[in-house]
Amino acid sequence: MSINIRYFASLREKMGKAEDSIDAGLARTVADVWGVVANDTGMPSNTLCSINMEYVGPEHAVKDGDEVAFFPPVTGG
Amino acid sequence: MSINIRYFASLREKMGKAEDSIDAGLARTVADVWGVVANDTGMPSNTLCSINMEYVGPEHAVKDGDEVAFFPPVTGG
Amino acid sequence: MAVSITEKPFNPWDELQTRQDNLSMAGQYGATAVFVGTMRDFNEGDKVKAMTLEHYPGMTEKYLEKIILQAERQWELMHTLVIHRVGHILPDESIVLVAVWAAHRANAFDASRYIMEELKSHAPFWKKETLEDGDRWVGKGSEG
Amino acid sequence: MAVSITEKPFNPWDELQTRQDNLSMAGQYGATAVFVGTMRDFNEGDKVKAMTLEHYPGMTEKYLEKIILQAERQWELMHTLVIHRVGHILPDESIVLVAVWAAHRANAFDASRYIMEELKSHAPFWKKETLEDGDRWVGKGSEG
(Lines give C-alpha, C1' and ligand atoms only; values in the text may rest on other atoms or scores of the structure.)
Protein backbone atom coordinates (compact mmCIF):
# COMPACT_ATOMS: atom_id res chain seq x y z
CA MET A 1 0.00 0.00 0.00
CA SER A 2 1.74 3.13 -1.19
CA ILE A 3 1.67 6.56 -2.77
CA ASN A 4 3.33 6.97 -6.15
CA ILE A 5 5.19 10.17 -6.81
CA ARG A 6 6.25 11.80 -10.09
CA TYR A 7 8.61 14.69 -10.76
CA PHE A 8 8.80 16.73 -13.95
CA ALA A 9 11.20 19.12 -15.69
CA SER A 10 13.71 21.00 -13.50
CA LEU A 11 12.29 19.35 -10.37
CA ARG A 12 12.85 15.92 -11.91
CA GLU A 13 16.47 16.88 -12.56
CA LYS A 14 16.88 18.25 -9.03
CA MET A 15 15.50 15.05 -7.51
CA GLY A 16 17.66 12.96 -9.81
CA LYS A 17 14.69 10.73 -10.70
CA ALA A 18 11.30 10.82 -12.41
CA GLU A 19 9.38 8.59 -9.98
CA ASP A 20 9.26 7.63 -6.36
CA SER A 21 7.06 5.70 -3.97
CA ILE A 22 6.44 6.02 -0.24
CA ASP A 23 4.43 4.09 2.27
CA ALA A 24 0.91 5.53 2.49
CA GLY A 25 1.12 5.55 6.27
CA LEU A 26 3.89 8.15 6.25
CA ALA A 27 1.89 11.09 4.84
CA ARG A 28 -1.47 12.74 5.43
CA THR A 29 -1.13 15.63 2.92
CA VAL A 30 0.75 16.49 -0.28
CA ALA A 31 3.11 18.62 1.81
CA ASP A 32 3.81 15.59 4.02
CA VAL A 33 4.65 13.55 0.90
CA TRP A 34 7.15 16.22 -0.12
CA GLY A 35 8.62 16.22 3.39
CA VAL A 36 9.22 12.45 3.20
CA VAL A 37 10.83 12.43 -0.27
CA ALA A 38 12.86 15.62 0.31
CA ASN A 39 14.05 14.83 3.83
CA ASP A 40 12.06 17.71 5.28
CA THR A 41 13.68 20.39 3.08
CA GLY A 42 11.12 22.99 2.03
CA MET A 43 9.26 22.72 -1.26
CA PRO A 44 10.81 25.14 -3.83
CA SER A 45 8.63 28.24 -4.20
CA ASN A 46 6.23 28.05 -7.18
CA THR A 47 6.16 24.26 -7.09
CA LEU A 48 2.86 22.94 -8.46
CA CYS A 49 1.25 19.80 -7.07
CA SER A 50 -1.30 17.37 -8.45
CA ILE A 51 -3.09 14.27 -7.18
CA ASN A 52 -4.24 11.79 -9.80
CA MET A 53 -3.61 14.41 -12.51
CA GLU A 54 -5.71 17.17 -10.90
CA TYR A 55 -4.09 20.32 -9.52
CA VAL A 56 -4.28 20.51 -5.70
CA GLY A 57 -2.79 22.67 -2.97
CA PRO A 58 -0.06 21.32 -0.64
CA GLU A 59 -2.53 20.83 2.21
CA HIS A 60 -4.72 18.49 0.16
CA ALA A 61 -5.13 15.05 1.78
CA VAL A 62 -3.56 12.01 0.13
CA LYS A 63 -4.70 8.42 0.31
CA ASP A 64 -3.38 4.99 -0.48
CA GLY A 65 -2.86 4.45 -4.21
CA ASP A 66 -2.75 8.13 -5.13
CA GLU A 67 -0.38 9.44 -7.80
CA VAL A 68 1.12 12.67 -6.48
CA ALA A 69 3.17 14.88 -8.82
CA PHE A 70 5.47 17.84 -8.20
CA PHE A 71 6.58 20.20 -10.96
CA PRO A 72 7.70 23.77 -11.71
CA PRO A 73 5.49 26.40 -13.39
CA VAL A 74 4.37 25.23 -16.83
CA THR A 75 5.77 26.76 -20.02
CA GLY A 76 3.99 25.15 -22.97
CA GLY A 77 2.32 26.74 -25.96
CA MET B 1 -15.20 70.11 -66.40
CA SER B 2 -17.23 67.82 -64.17
CA ILE B 3 -17.64 65.75 -61.05
CA ASN B 4 -17.95 62.00 -61.48
CA ILE B 5 -20.34 60.18 -59.22
CA ARG B 6 -20.57 56.49 -58.30
CA TYR B 7 -23.28 54.57 -56.49
CA PHE B 8 -22.92 51.16 -54.87
CA ALA B 9 -25.12 48.32 -53.62
CA SER B 10 -28.71 49.19 -52.65
CA LEU B 11 -28.12 52.85 -53.48
CA ARG B 12 -26.97 51.89 -56.97
CA GLU B 13 -30.19 49.94 -57.41
CA LYS B 14 -32.29 52.82 -56.07
CA MET B 15 -30.63 55.28 -58.45
CA GLY B 16 -31.01 52.84 -61.32
CA LYS B 17 -27.40 53.39 -62.38
CA ALA B 18 -23.84 52.90 -61.18
CA GLU B 19 -22.36 56.19 -62.39
CA ASP B 20 -23.27 59.76 -63.03
CA SER B 21 -21.64 63.04 -63.86
CA ILE B 22 -22.57 66.63 -63.13
CA ASP B 23 -21.15 69.98 -64.05
CA ALA B 24 -18.61 71.07 -61.43
CA GLY B 25 -20.21 74.51 -61.24
CA LEU B 26 -23.43 73.08 -59.83
CA ALA B 27 -22.09 71.90 -56.45
CA ARG B 28 -19.88 73.21 -53.66
CA THR B 29 -20.17 70.24 -51.26
CA VAL B 30 -20.87 66.49 -51.33
CA ALA B 31 -24.40 67.26 -50.08
CA ASP B 32 -24.86 69.66 -53.00
CA VAL B 33 -23.81 66.87 -55.39
CA TRP B 34 -26.46 64.62 -53.88
CA GLY B 35 -29.04 67.39 -54.22
CA VAL B 36 -28.32 67.71 -57.94
CA VAL B 37 -28.43 63.99 -58.75
CA ALA B 38 -31.43 63.26 -56.49
CA ASN B 39 -33.53 66.28 -57.47
CA ASP B 40 -33.23 67.73 -53.97
CA THR B 41 -34.69 64.69 -52.19
CA GLY B 42 -32.83 64.06 -48.91
CA MET B 43 -29.93 61.66 -48.68
CA PRO B 44 -31.07 58.31 -47.15
CA SER B 45 -30.01 58.09 -43.51
CA ASN B 46 -26.75 56.14 -43.00
CA THR B 47 -25.52 56.96 -46.50
CA LEU B 48 -21.71 57.01 -46.60
CA CYS B 49 -19.81 59.39 -48.85
CA SER B 50 -16.31 59.41 -50.27
CA ILE B 51 -14.25 61.74 -52.42
CA ASN B 52 -11.49 60.15 -54.49
CA MET B 53 -11.85 56.96 -52.44
CA GLU B 54 -11.49 58.59 -49.00
CA TYR B 55 -14.41 58.78 -46.56
CA VAL B 56 -15.73 62.33 -46.08
CA GLY B 57 -18.73 63.96 -44.44
CA PRO B 58 -21.55 65.49 -46.55
CA GLU B 59 -20.31 69.03 -45.94
CA HIS B 60 -16.91 68.30 -47.45
CA ALA B 61 -16.05 70.57 -50.40
CA VAL B 62 -15.86 69.12 -53.90
CA LYS B 63 -13.79 70.33 -56.82
CA ASP B 64 -13.59 69.81 -60.53
CA GLY B 65 -12.48 66.30 -61.48
CA ASP B 66 -13.37 64.70 -58.13
CA GLU B 67 -14.87 61.21 -57.94
CA VAL B 68 -17.69 61.33 -55.41
CA ALA B 69 -19.31 58.09 -54.23
CA PHE B 70 -22.48 57.36 -52.27
CA PHE B 71 -23.16 54.00 -50.66
CA PRO B 72 -24.99 52.26 -47.80
CA PRO B 73 -23.26 50.92 -44.63
CA VAL B 74 -20.64 48.33 -45.53
CA THR B 75 -21.16 44.61 -44.82
CA GLY B 76 -18.01 42.75 -45.87
CA GLY B 77 -15.97 40.20 -43.98
CA MET C 1 1.84 43.11 -46.20
CA ALA C 2 -0.17 41.39 -48.90
CA VAL C 3 -3.74 42.33 -49.81
CA SER C 4 -5.81 40.71 -52.49
CA ILE C 5 -9.38 40.88 -53.74
CA THR C 6 -10.40 37.89 -55.79
CA GLU C 7 -13.42 36.75 -57.78
CA LYS C 8 -12.22 33.15 -57.68
CA PRO C 9 -12.80 30.77 -54.77
CA PHE C 10 -9.70 30.40 -52.58
CA ASN C 11 -8.58 27.79 -50.09
CA PRO C 12 -7.39 29.61 -46.95
CA TRP C 13 -5.06 26.83 -45.78
CA ASP C 14 -3.36 26.61 -49.18
CA GLU C 15 -2.96 30.38 -49.23
CA LEU C 16 -1.40 30.32 -45.75
CA GLN C 17 0.98 27.53 -46.76
CA THR C 18 2.07 29.37 -49.90
CA ARG C 19 2.47 32.68 -48.13
CA GLN C 20 4.43 31.17 -45.26
CA ASP C 21 6.71 29.26 -47.65
CA ASN C 22 7.59 32.62 -49.17
CA LEU C 23 8.28 34.48 -45.94
CA SER C 24 12.02 34.91 -45.50
CA MET C 25 11.72 34.89 -41.72
CA ALA C 26 11.80 31.26 -40.64
CA GLY C 27 12.69 31.03 -36.96
CA GLN C 28 11.76 34.66 -36.29
CA TYR C 29 8.00 34.53 -35.89
CA GLY C 30 6.65 32.67 -32.89
CA ALA C 31 2.96 33.45 -33.37
CA THR C 32 0.50 33.33 -36.24
CA ALA C 33 -3.11 34.36 -35.69
CA VAL C 34 -5.62 33.65 -38.44
CA PHE C 35 -9.26 34.39 -39.03
CA VAL C 36 -11.31 32.85 -41.82
CA GLY C 37 -14.86 33.96 -42.60
CA THR C 38 -16.91 31.34 -44.43
CA MET C 39 -20.27 31.68 -46.14
CA ARG C 40 -23.10 30.18 -44.10
CA ASP C 41 -26.20 28.66 -45.68
CA PHE C 42 -28.43 30.26 -43.06
CA ASN C 43 -28.78 33.86 -41.88
CA GLU C 44 -31.34 35.70 -39.79
CA GLY C 45 -33.77 32.81 -39.90
CA ASP C 46 -33.58 32.14 -43.65
CA LYS C 47 -31.89 29.60 -45.84
CA VAL C 48 -29.33 31.33 -48.06
CA LYS C 49 -28.55 29.78 -51.46
CA ALA C 50 -25.82 32.11 -52.65
CA MET C 51 -24.34 35.56 -52.15
CA THR C 52 -23.08 38.36 -54.34
CA LEU C 53 -20.32 40.47 -52.86
CA GLU C 54 -19.97 43.92 -54.37
CA HIS C 55 -17.02 46.21 -53.67
CA TYR C 56 -15.59 49.57 -54.69
CA PRO C 57 -12.52 48.64 -56.76
CA GLY C 58 -9.59 50.83 -55.82
CA MET C 59 -11.06 52.17 -52.60
CA THR C 60 -11.35 48.69 -51.11
CA GLU C 61 -7.65 47.86 -51.59
CA LYS C 62 -6.67 51.33 -50.39
CA TYR C 63 -8.78 50.98 -47.27
CA LEU C 64 -7.49 47.50 -46.44
CA GLU C 65 -3.91 48.73 -46.73
CA LYS C 66 -4.75 51.63 -44.44
CA ILE C 67 -6.16 49.27 -41.79
CA ILE C 68 -3.05 47.09 -41.93
CA LEU C 69 -0.77 50.13 -41.61
CA GLN C 70 -2.76 51.22 -38.56
CA ALA C 71 -2.28 47.74 -37.06
CA GLU C 72 1.45 47.82 -37.84
CA ARG C 73 1.75 51.12 -36.00
CA GLN C 74 0.00 49.71 -32.91
CA TRP C 75 1.65 46.29 -32.68
CA GLU C 76 4.97 44.75 -33.65
CA LEU C 77 4.11 42.58 -36.65
CA MET C 78 6.26 40.70 -39.13
CA HIS C 79 3.79 40.07 -41.92
CA THR C 80 0.09 40.46 -42.65
CA LEU C 81 -2.07 38.80 -45.28
CA VAL C 82 -5.65 39.76 -46.18
CA ILE C 83 -7.62 38.03 -48.92
CA HIS C 84 -11.25 38.97 -49.61
CA ARG C 85 -13.58 37.31 -52.04
CA VAL C 86 -15.98 39.29 -54.26
CA GLY C 87 -18.58 38.34 -56.86
CA HIS C 88 -20.77 35.23 -56.76
CA ILE C 89 -20.19 33.09 -53.64
CA LEU C 90 -21.68 29.77 -52.55
CA PRO C 91 -22.22 28.39 -49.05
CA ASP C 92 -19.09 26.88 -47.47
CA GLU C 93 -16.79 29.02 -49.61
CA SER C 94 -14.29 31.30 -47.86
CA ILE C 95 -15.17 35.00 -47.87
CA VAL C 96 -12.24 36.50 -46.01
CA LEU C 97 -8.84 35.50 -44.65
CA VAL C 98 -6.84 37.65 -42.22
CA ALA C 99 -3.48 36.36 -41.02
CA VAL C 100 -0.80 38.01 -38.91
CA TRP C 101 2.71 36.74 -38.21
CA ALA C 102 4.50 38.21 -35.17
CA ALA C 103 7.27 37.36 -32.72
CA HIS C 104 4.83 37.18 -29.79
CA ARG C 105 1.27 36.01 -29.44
CA ALA C 106 -0.41 39.03 -27.87
CA ASN C 107 0.49 41.16 -30.89
CA ALA C 108 -0.74 38.52 -33.33
CA PHE C 109 -4.06 38.05 -31.50
CA ASP C 110 -4.71 41.78 -31.05
CA ALA C 111 -3.78 42.75 -34.60
CA SER C 112 -5.76 40.00 -36.36
CA ARG C 113 -8.91 40.90 -34.48
CA TYR C 114 -8.39 44.62 -35.01
CA ILE C 115 -7.93 44.18 -38.76
CA MET C 116 -11.02 41.99 -39.00
CA GLU C 117 -13.23 44.38 -37.02
CA GLU C 118 -12.03 47.42 -38.98
CA LEU C 119 -12.55 45.56 -42.25
CA LYS C 120 -16.12 44.68 -41.28
CA SER C 121 -17.01 48.20 -40.17
CA HIS C 122 -15.23 50.30 -42.81
CA ALA C 123 -13.99 48.48 -45.90
CA PRO C 124 -16.34 49.09 -48.86
CA PHE C 125 -17.91 45.67 -49.43
CA TRP C 126 -21.64 44.90 -49.64
CA LYS C 127 -23.30 41.49 -49.37
CA LYS C 128 -26.49 40.57 -51.18
CA GLU C 129 -28.03 37.23 -50.27
CA THR C 130 -29.99 34.99 -52.61
CA LEU C 131 -32.83 33.39 -50.64
CA GLU C 132 -35.37 30.78 -51.76
CA ASP C 133 -37.76 33.57 -52.74
CA GLY C 134 -35.60 36.43 -53.90
CA ASP C 135 -32.62 38.60 -53.01
CA ARG C 136 -31.87 40.90 -50.07
CA TRP C 137 -29.05 43.21 -49.09
CA VAL C 138 -27.47 42.21 -45.81
CA GLY C 139 -27.99 44.89 -43.16
CA LYS C 140 -25.42 46.42 -40.87
CA GLY C 141 -25.36 44.80 -37.44
CA SER C 142 -25.48 41.30 -38.85
CA GLU C 143 -23.45 39.20 -36.39
CA GLY C 144 -20.87 38.11 -38.94
CA MET D 1 -13.36 18.49 -29.94
CA ALA D 2 -10.06 16.95 -30.98
CA VAL D 3 -6.91 17.05 -28.86
CA SER D 4 -3.61 15.52 -29.78
CA ILE D 5 -0.10 15.46 -28.38
CA THR D 6 2.50 14.46 -30.92
CA GLU D 7 6.24 13.78 -30.99
CA LYS D 8 6.29 14.16 -34.76
CA PRO D 9 6.51 17.51 -36.58
CA PHE D 10 3.12 18.63 -37.92
CA ASN D 11 2.08 21.09 -40.60
CA PRO D 12 -0.68 23.30 -39.14
CA TRP D 13 -2.27 24.17 -42.50
CA ASP D 14 -2.46 20.51 -43.55
CA GLU D 15 -3.98 19.62 -40.19
CA LEU D 16 -6.60 22.36 -40.59
CA GLN D 17 -7.42 21.20 -44.11
CA THR D 18 -7.82 17.59 -43.02
CA ARG D 19 -9.86 18.48 -39.97
CA GLN D 20 -12.15 20.80 -41.89
CA ASP D 21 -12.67 18.20 -44.64
CA ASN D 22 -13.95 15.88 -41.94
CA LEU D 23 -16.33 18.32 -40.25
CA SER D 24 -19.90 17.46 -41.18
CA MET D 25 -20.99 21.06 -40.83
CA ALA D 26 -20.30 22.72 -44.17
CA GLY D 27 -22.36 25.90 -44.48
CA GLN D 28 -22.93 26.11 -40.73
CA TYR D 29 -19.76 27.73 -39.46
CA GLY D 30 -19.08 31.30 -40.49
CA ALA D 31 -15.94 31.89 -38.46
CA THR D 32 -12.69 30.03 -37.86
CA ALA D 33 -10.05 31.50 -35.55
CA VAL D 34 -6.64 29.86 -35.48
CA PHE D 35 -3.47 30.32 -33.50
CA VAL D 36 -0.16 28.68 -34.38
CA GLY D 37 2.85 28.88 -32.09
CA THR D 38 6.16 28.31 -33.89
CA MET D 39 9.61 27.74 -32.45
CA ARG D 40 11.83 30.81 -32.68
CA ASP D 41 15.61 30.60 -33.05
CA PHE D 42 16.08 33.44 -30.57
CA ASN D 43 14.81 33.94 -27.02
CA GLU D 44 15.71 36.36 -24.23
CA GLY D 45 18.79 37.56 -26.04
CA ASP D 46 20.19 34.16 -26.98
CA LYS D 47 20.33 32.05 -30.10
CA VAL D 48 18.33 28.85 -29.57
CA LYS D 49 19.39 25.75 -31.51
CA ALA D 50 16.68 23.33 -30.42
CA MET D 51 14.12 22.69 -27.74
CA THR D 52 12.91 19.72 -25.74
CA LEU D 53 9.28 19.83 -24.69
CA GLU D 54 8.39 17.65 -21.72
CA HIS D 55 4.82 16.93 -20.64
CA TYR D 56 2.86 14.89 -18.12
CA PRO D 57 1.25 12.17 -20.25
CA GLY D 58 -2.36 11.70 -19.24
CA MET D 59 -2.68 14.90 -17.23
CA THR D 60 -1.85 17.04 -20.26
CA GLU D 61 -4.63 15.60 -22.41
CA LYS D 62 -7.05 15.73 -19.49
CA TYR D 63 -6.22 19.37 -18.83
CA LEU D 64 -6.53 20.41 -22.48
CA GLU D 65 -9.95 18.77 -22.67
CA LYS D 66 -10.97 20.61 -19.51
CA ILE D 67 -9.94 23.96 -21.01
CA ILE D 68 -11.92 23.27 -24.18
CA LEU D 69 -15.00 22.25 -22.17
CA GLN D 70 -14.72 25.51 -20.23
CA ALA D 71 -14.56 27.42 -23.54
CA GLU D 72 -17.57 25.49 -24.87
CA ARG D 73 -19.57 26.49 -21.80
CA GLN D 74 -18.69 30.17 -22.26
CA TRP D 75 -19.12 30.50 -26.03
CA GLU D 76 -21.19 28.84 -28.74
CA LEU D 77 -18.64 26.75 -30.63
CA MET D 78 -19.02 24.11 -33.32
CA HIS D 79 -15.64 22.43 -33.18
CA THR D 80 -12.27 22.85 -31.52
CA LEU D 81 -8.89 21.41 -32.46
CA VAL D 82 -5.75 21.53 -30.32
CA ILE D 83 -2.46 19.93 -31.37
CA HIS D 84 0.66 20.25 -29.23
CA ARG D 85 4.12 19.05 -30.07
CA VAL D 86 6.36 17.37 -27.48
CA GLY D 87 9.90 15.96 -27.57
CA HIS D 88 12.76 17.33 -29.65
CA ILE D 89 11.81 20.45 -31.65
CA LEU D 90 13.80 22.56 -34.11
CA PRO D 91 13.43 26.27 -34.97
CA ASP D 92 10.60 27.04 -37.43
CA GLU D 93 8.68 23.91 -36.43
CA SER D 94 5.13 24.31 -35.11
CA ILE D 95 4.73 23.88 -31.36
CA VAL D 96 1.00 24.39 -30.91
CA LEU D 97 -2.14 24.77 -33.00
CA VAL D 98 -5.45 25.98 -31.57
CA ALA D 99 -8.43 26.28 -33.92
CA VAL D 100 -12.06 27.07 -33.22
CA TRP D 101 -14.99 26.84 -35.64
CA ALA D 102 -18.14 28.82 -34.73
CA ALA D 103 -21.17 30.38 -36.37
CA HIS D 104 -20.06 33.91 -35.45
CA ARG D 105 -16.68 35.59 -35.23
CA ALA D 106 -16.77 37.02 -31.70
CA ASN D 107 -17.13 33.51 -30.25
CA ALA D 108 -14.31 32.15 -32.41
CA PHE D 109 -11.93 34.99 -31.51
CA ASP D 110 -12.71 34.91 -27.79
CA ALA D 111 -12.54 31.13 -27.47
CA SER D 112 -9.30 30.64 -29.41
CA ARG D 113 -7.51 33.21 -27.30
CA TYR D 114 -8.97 31.85 -24.06
CA ILE D 115 -7.85 28.31 -24.90
CA MET D 116 -4.37 29.47 -25.82
CA GLU D 117 -3.92 31.56 -22.65
CA GLU D 118 -5.24 28.78 -20.40
CA LEU D 119 -2.99 26.26 -22.15
CA LYS D 120 0.06 28.46 -21.58
CA SER D 121 -0.71 29.10 -17.93
CA HIS D 122 -1.99 25.69 -16.81
CA ALA D 123 -1.35 22.76 -19.17
CA PRO D 124 1.57 20.64 -17.91
CA PHE D 125 4.25 21.25 -20.54
CA TRP D 126 7.82 22.38 -19.91
CA LYS D 127 10.28 23.80 -22.42
CA LYS D 128 14.02 23.31 -22.23
CA GLU D 129 16.11 25.27 -24.71
CA THR D 130 19.40 24.14 -26.21
CA LEU D 131 21.67 27.18 -26.55
CA GLU D 132 25.14 27.41 -28.11
CA ASP D 133 26.68 26.73 -24.72
CA GLY D 134 24.28 24.43 -22.91
CA ASP D 135 20.67 23.89 -21.92
CA ARG D 136 18.23 25.96 -19.87
CA TRP D 137 14.66 25.56 -18.72
CA VAL D 138 12.39 28.30 -20.00
CA GLY D 139 11.05 30.42 -17.15
CA LYS D 140 7.49 31.46 -16.50
CA GLY D 141 6.69 34.94 -17.82
CA SER D 142 8.42 34.32 -21.12
CA GLU D 143 6.44 36.35 -23.66
CA GLY D 144 5.48 33.35 -25.82
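As written, the chain order gives the labels A, B, C and D, with residue 1 at the start of each chain.
Everything that follows uses one rule, which is that contacts are C-beta pairs under 8 Å (C-beta built on N, C-alpha and C of every residue); 3 or more make two chains touch, one makes a residue touch a chain.
Quick caveat: nothing in here was measured; it's all calculated off a predicted structure.
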Reaching chain C from chain A through chains that touch each other, fewest steps: 2
Distance between chain centroids, defined by C-alpha means - chain B, chain D (Å): 48
Chain B and chain C, separation of their C-alpha mean positions in angstrom: 27
Centre distance in Å when chain A and chain B are each reduced to the mean of their C-alpha atoms: 72
Chain centre separation (chain C, chain D; CA means) in Å: 23
Where chain D touches two or more other chains at once, by residue number: 37, 105, 116, 144
Shared interface positions of chain B, touching two or more other chains: 77
Pairwise chain contacts under the document criterion: A-D, B-C, C-D
Chain C to chain D touching residues, read off their complex: 11-14, 16-17, 20, 26-42, 91-92, 103-106, 108-109, 113, 116, 143-144
Residues of chain A defined as touching chain D within the complex: 6, 8-10, 46, 50, 53, 55, 69, 71-77
Chain D - residues contacting chain A, complex: 37, 53-56, 58-59, 62-63, 84, 95-96, 116, 119-128, 137-140, 142, 144
